[in-house]
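In order of appearance the chains are A, B, C and D, and numbering begins at 1 in each one.
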């Protein structure tokens, strides 16, 4: 069962990666989303993530199952932070192992794209000017 | 100057990754090639990598520079093992940071594809039956 | 009268001032339930921009409200 | 007579039994140099499947051999 995890403490990349290691695997693709210091032209100091945990984990595991059915991969895992994060902190991690690299890349990209599109997690950005805003992008995000 | 590194000792992923961290980066894609336990229908016990070091590093850095010019990325690094490796060992690592994930994925894939196609490194597979062979793929590898 | 629990997240939670509330089931469907909540809290989101979930699964706006269930209104997400 | 160094890798190295050798410059171009090495060591690779490099940079088969240079014959690569 591929795992989609929410965590209120920093993600441990080494142990997440260990979940998808497999002697049959020749390729491994991973993606990390980091908190960056700007967004839409504004300086950002940090952010909060809030999730509807029950649905987020269920929808996340659905995405991982879809990727497993659609691409020729061996194992996959995704983890997303909730709570308060600083610039440079790891917000989301996706790892995929496969016999060949094409499937690993394609599945990894599918998982992060669908996670951003469908999983009920919301980001509140803290701007350097002192205000903060929940992001509710209506169009596909940049 | 993006770095293409050859190493005769195990790659340290954490310190490689640290080379491409950047506060402006929102996305990070990485690829790892692992020694797998089979190839072309034969059970594999391990392998050796040999490189023409001077040209491999130069051609590798050319590839990283091409990726930097072609995609909107912030930093990238690639490292490749030489010497004797066992099943599951990390053979090659690519990391790319970018403001947005699309460029990070595209550049990461470009770098591993071109590295496999152009960089003078050769693999000798040890088969479970006891024999061994240098691989010199003529067509695009699988 | 039968009740259910409404869950609010992100800007809806901030606007409502609560993360959840228990309400009487007055409406015939989930769309009506949102209309009532919208009027009560002054949510600016038209329903077309939201999704709705019941007990941790996505649902349809024309589903009937179930007593004792947990109904969440899902504004556009921004994880990742 | 001027000499240069030939480098062999992977299966070419195994077949030649040496990783490098210093040879007199008898040929007019790098293609001729490979032809001589091929005859000497019985390499099965036709030149069309190889690349050639001089002093750590890819070169052309019709380049003239330079005294004191390092010439490498590059069979198809298999890194990654």
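Here is the rule we use: contacts are C-beta pairs under 8 Å (C-beta built on N, C-alpha and C of every residue); 3 or more make two chains touch, one makes a residue touch a chain.
What you see is a predicted model; the values in this text were computed from it and never measured.
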Self-check item: Components of the interchain contact network lacking chain A
Solution: B, D | C
Quiz item: When the centre of a chain is set as the mean of its C-alpha atoms, what distance in Å lies between chain B and chain C?
Solution: 49
Practice problem: Please report how many Å separate the Cα centroid of chain C from that of chain D, as a whole number. | Solution: 73
Quiz item: Between chain B and chain D, what's the gap in Å when you average each chain's C-alpha atoms?
Solution: 26
Exercise. Would you please write down the residue numbers of chain C that are in contact with two or more other chains?
Key: none
Exercise. Would you give the residues of chain B that are in contact with at least 2 other chains, written as numbers and ranges?
Key: 33, 112
Quiz prompt | Set of all touching chain pairs, with the criterion as stated earlier | solution = A-B, A-C, B-D
Self-check item: Residues of chain A touching chain C in the complex
Solution: 33, 49-52, 54-56, 58-59, 80, 91-92, 112, 115-124, 134-138, 141
Self-check item: Touching residues on chain A, where the partner in the complex is chain B
Solution: 13-14, 17, 21, 23-38, 87-88, 97, 99-101, 104-105, 108-109, 112, 142
Self-check item: Interfacial residue positions of chain C with respect to chain A in the complex
Solution: 7, 9-11, 13-14, 49, 53, 56-58, 72, 74-80
